[in-house]
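Both complexes below contain subunit A, partnered by subunit B and then by subunit C.
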Partner chain A sequence: MNLLRVENLKVDYLTPDGVLQAVDNVSFEIKQGEILGLVGESGSGKSTAAMAAMRILGPPALIAGGRVIFKERDVLKMTAEELRRWHWQDVSIVMQSALNALNPVLVIQEHFVDTINAHCPEQSNGEVLERAAKLLKMVDIDPRYLKSYPHELSGGMRQRIVIALALALYPQLLIMDEPTTALDVVVEREIIKRVLQLQKEMGFAILFITHDLSLLLEFATQLGVLYAGRLVEIGPVEVFRRGGVHPYTQGLFQAVPQLHGAREAFKSIPGSPPSMKNPPPGCRFHPRCPLAEERCSKEQPELKQIAQEHQLACHVRSRD
Partner chain B sequence: MNRSVEYLLRRLGFYSLAAMVAITLNFMIPRMMPGDPAQIMFARFKGEMSPAVITAMRETFGLTNDPMWQQYLTYLKHLFSGDLGISISNFPKPVISIIATGLTWSIFLAGSALIISFILGTSLGALAAWRRGGILDSIMPPLLALLGAFPYFWMAMLVLFVFGFGLGWFPLWHAYPDGTSPGFNSPFILGALYHAALPAATMVIASLGGWMLAMRNTMIGILGSDYITYARARGLTSRRVLIRYAARNALLPNITGFGMALGFVLGGALLTEIIFSYPGQGYLLIQAVRAQDYPLMQGLFLTITLAVLGANWFVDIVTLLLDPRTRR
Partner chain C sequence: MSGREIKMTDKLLDIQHLGVRFEIGSMFHKSGLRAVHDVSFSVDRGEIVALVGESGSGKSTIARLICRLEKPTSGRIVLDGKDVLTSEPGAAGKEYRRRVQMIFQDPFGSLNPVHTIAYHLARPMQIHQTIDSKDRRSRILQLLNTVGLRPAEDYIDKFPHSLSGGQRQRVAIARALATGPDLICADEPTSMLDVSIRVDILQLLTDLRNEQKTAFIFVTHDLAAARQLADRILVLYAGQLVEEATSDELIATPKHPYARLLLAAAPQKGGSLETPLPAKPGTPQNVDPEPGCPFSERCNEVMEMCRQKTPGWTFLENNRRVRCYLYGDALATEGDDT
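Coming up: the complex of A and B.
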């Protein structure tokens, strides 16, 4: 069953120079207990899409169109109070800047108390603290740190605490927006391993956003590739393990050094991501695409089903 | 927490050193100036004073022919026993009792004006930032900046002229009505409040804009920070985010400003007290200067210096309590 369905989501940023379409017609679905990964370069709109789906974007961002359905509830039509209740009870987020996500003048415990009280005011203080201690243990942090201030903890610890905080109300969907980008590789691995264990135990779904494609291949069940605000390819992770079909996806793979197999030349995608203020016509990837044809610069390719659950937006590849 | 205590004690040590320097300067400066209080008194009595009286007076003012260090020790001894000498203009009242009265009125007037202005200004600033671009945010800052831009003495005189003299709604001078005696009785307390209303109002009007703008600007910075977005995303109520996450953090830099202002309160609001003839520290100071009342001036300078130092220490304590990042 679908937990979250995002349909033709459009997000605009209102800038002094005009409207910037950060997310253009993005659709995806997350089933219960599934892990959907969204990959893309900086500025591809992946974080914006996730935050828009959760409706936590403030001005100058504006949801310009589309629908977000969470278990048959229309998220974009929720009132402020409904939204407030929906947040954290059903969906929670670990933000990109999780290191700065904690209020520097409150001890860790207060963050848990505030969060749990906002949703379950009937819980006694003792119960809340007990739950907070349990949550910290879940992410391998000694509960005595409940009394610490954020600045007294290391980056990895703060990140774990933010994850524990995100799980405080046992949500069904956890959005992780580049949760480990600021951490070193060893800590990153440990944290992801722990999150995956918890995911198996508790059965929540994850929307994992990153620019690290190889990381996603290890644990995602579905994968979506964003380029300049549009989804270019989305499908089961197996498709991507085989290297993907869209020329951009393939380009991303060539930019990752291979540890196994024959040594190949390390190729980066030529050119740079387009300006979102003035995106190229047609397929937005065509100026950098090795396969581009005349049609690509004129007609915008739509996402088309090319196999079971596998969708692609490419004129050339969907014809082959 | 031990480290915090250690930090506070270290600050206290520093402030004590600064206070000692101030006390020493306070001793030296008048002795380096030409003339002395006794000569002023002599001049005031137009020579109708015998040399013996002058010598006696000099001794009363602590000006003896003893060596400097001995005078200094005597000065310190007197100072720590609360003896700041005798006022010339209010002869033979001791300076300490004059300052005690002035200080009381100054704390009452400037202190309440500061507290009202600070609370009102920071609340308005927080709300303006919270509803950025709203009515409050569009009207209040320019209006208050305009009011704050008028020269204070001009505004105060205008207010006094219109509401005190023209309309007669408020008294023109003094801190309490004639015929009441200071103490815990309602005619005196009500009268004192009535007398303080107009000068306090001018002080609030003049300073409100500063507090509001400072709070608004820090708050806008804080509202853009990640922990605010994250607090909202966690489903916290707006009220809680506003008070516990945004306003509380934005208040921290303003506490420093408040502490500094508090120090100056004890020095009296000079212009206000002059314009409204309000018997506080500032009014005393101007009187002392006019009458060349050195002992009183010295006493006032000393209390002002000590008050500023004390206020700084107070800010250190409050900041330490409110901002855990300053504790190490």
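Coming up: the complex of A and C.
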């Protein structure tokens, strides 16, 4: 069953220079217990799309169109109170910077007390603290750190605590926005492994946002690639393990130096990601695309089903 | 691909027993933070050496020490046979600064927003008098061309804010090149850039080495990038060097348990999170460190002697060295090295 369905989502940023379409017609679905990875470079709209789906974007961002359905409830029509309840209980988010996600003047346990009290006011203080201790243990942190301030903990510990906090009300969907980008590879791996174990035990779904394609290949079940605000390819992770089909997806793979195998020449994608104030006409990737034809600069390709659950937005490749 | 055919026999920089210790804590409870400890290595002319490790491993601090942005508390920095710390005990001399340049991680913070690109590149030429003022503009255009900002005329009078991150990093590289340096320390020069343009910067550094024989110290946590770019990789843990090998050898057969851990943790095609990591979780202990190998707390193959005495270097074939009792019983006393 679909847990979250995002349909034709459009998000604009209102800037002094005009409207900037940060997310343009993005659709995806997450089923229960699934892990959907969204990959893209900075400015591709991956975080904006997730935050818009959670309705935590404020001005100058504006949801300009589309629908967000969470278990048959229309998220975009929720009242402020419904939204307040929906957050944390059904869906929660882990942001990239764990230092900024925790209040520097509050000890760790206050963060848990605040969060749990806001949603379950009937719980006694003792119960809340017991639950907080249990949550910390889930992420391999000694409960004695409940009395510590955020600055006394390492980056990895802080990020674990933010994850524990996000799971405090046992949500069904956990959105993780570059949760490990600021961390070292070893710590990153330990944390992701722990999250995946918890995901298996508790059964929540994950929307994982990152720029690290090779990382996603190791654990995502579905994967979507965003370029300049549009999804260019989305499908089961196996498609991407074989290298993907869209020229941008393939370019991303080639641009990442590999640890093993022959040392090949560096292969970058020529040019740089477009300015969203003035995106190129037609396919937004065409100025950098090795396969571009005349049609690509005029007509914007729409996502089309090319195989079971595999969708692609490319004039050239969907014809082949 | 990275021009390994160049034979390098000429030693440019020699780092000997470099160390930095910071005093931290309150008046009543002082602790010593050992950021860098007993680090020795050398860099040949035109060579690319990668310093690899996690945060807190001291890799950036070593680059900053070499660029003389920070002062070591012990050790020697020898450039072309001259001990620069004793001959220039205060700030680094102008000539040293001309020859050793730095590229910083954040191209958004390292350029001044109120000055044009031309100004950024003219300043080092002006300070070091490397070129006549009348020829400066043509030299700037040439530098912009070298770093791939073409046509250079379009970039020279721009301000940093109108450039993308990748273009800014190219300006930062051009600025480092402006003095005609022999060595550039590049501190994670690609980690703030988008994936699709990172390789361009790595390629540019490779080209500069091949064409201008500039040597690089490449500080990174990305082993795959280190392998692509560097001739040799030095692995750091808790401020100490633990292994040195050619890039290919280190990636193919990492010896030190920490090097093996780093390699196992690096995301890669066909990798799997199911594979257990070959070490216990933990962080490097730099504050008031216990005697013994800094990695012994986390090491799966720890032996009794690892906790008692820091291992010295065991030298293997091909100038390869590793600091671990698994490969020999090179006992060392504190401060003893090479």
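FYI, the second predicted complex is superposed on the first by the 316 of 320 C-alpha atoms of A that agree within 3 Å, B and C clash if a C-alpha of one lies under 4 Å from a C-alpha of the other, contacts with A are read in each partner's own complex, and residues count from 1 in each chain.
Everything that follows uses one rule, which is that a contact is a pair of C-beta atoms (placed from the backbone, for glycine too) under 8 Å apart; a residue touches a chain by one contact, two chains touch by 3 or more.
Quantities reported herein were computed from a predicted structural model and do not represent experimental measurements.
Enquirer: Here subunit A is shared; do subunit B and subunit C fit on it together or clash?
Expert: These partners fit in the superposed model.
Enquirer: Looking at the overlay, does A:R85 come into contact with subunit B only (first), subunit C only (second), both, or neither?
Expert: First partner only, subunit B.
Enquirer: Please indicate which partner A:V185 is in contact with in the superposed arrangement: first for subunit B, second for subunit C, both, or neither.
Expert: It touches subunit C, and subunit B stays clear.
Enquirer: Pick one for A:L14: touches subunit B only (first), subunit C only (second), both, or neither.
Expert: Touch partners of A:L14: none, neither subunit B nor subunit C.
Enquirer: May I ask you to name which of subunit B and subunit C touches more residues of subunit A?
Expert: Higher number of touched subunit A residues: C.
Enquirer: Under the stated touch criterion, which partner chain does A:L217 make contact with: subunit B (first), subunit C (second), both, or neither?
Expert: After superposition on chain A, A:L217 lies in contact with subunit C alone.
Enquirer: Could you tell me if A:E41 is touching subunit B, subunit C, both of them or neither one (first, second, both, neither)?
Expert: So A:E41 only meets subunit C here.
Enquirer: Of the two partner chains, subunit B (first) and subunit C (second), which one does A:G251 touch, if any: first, second, both, or neither?
Expert: A:G251 sits against subunit C, while subunit B stays out of touch.
Enquirer: For the combined three-chain view, what is the angle at the C-alpha centre of subunit A formed with the C-alpha centres of subunit B and subunit C, to the nearest 10°?
Expert: Placing subunit A at the corner, the angle measures out to 80 degrees.
Enquirer: Could you tell me how near the closest CA atoms of subunit B and subunit C get once both structures are overlaid on the shared chain, in Å?
Expert: So the smallest C-alpha to C-alpha spacing between these two chains is 7 Å.
Enquirer: Return the residues of subunit A at which the contacts from subunit B and from subunit C coincide.
Expert: The overlap between the subunit B and subunit C interfaces on subunit A is empty, containing no residue.
Enquirer: Which residues of subunit B touch subunit A in the complex?
Expert: 225-227, 229-237, 240, 244-245, 248-249, 252, 322-325
Enquirer: State the interface residues of subunit C toward subunit A in the complex, per the touch definition above.
Expert: 1-2, 54-55, 164-167, 194-200, 202-203, 206, 221-225, 227-228, 248, 251, 261-263, 265-273, 277, 279, 281, 283
Enquirer: What residues of subunit A sit close enough to touch subunit B in their complex?
Expert: Checking each residue of subunit A against subunit B gives 54, 56, 58, 84-89, 92-93, 95, 97, 100-107, 114-115, 118-119, 149, 151, 162, 165.
Enquirer: In their complex, what parts of subunit A are in touch with subunit C?
Expert: 41-42, 140, 154-156, 184-190, 192-193, 196, 211-215, 217-219, 241, 251-253, 255-260, 263-269, 272-273
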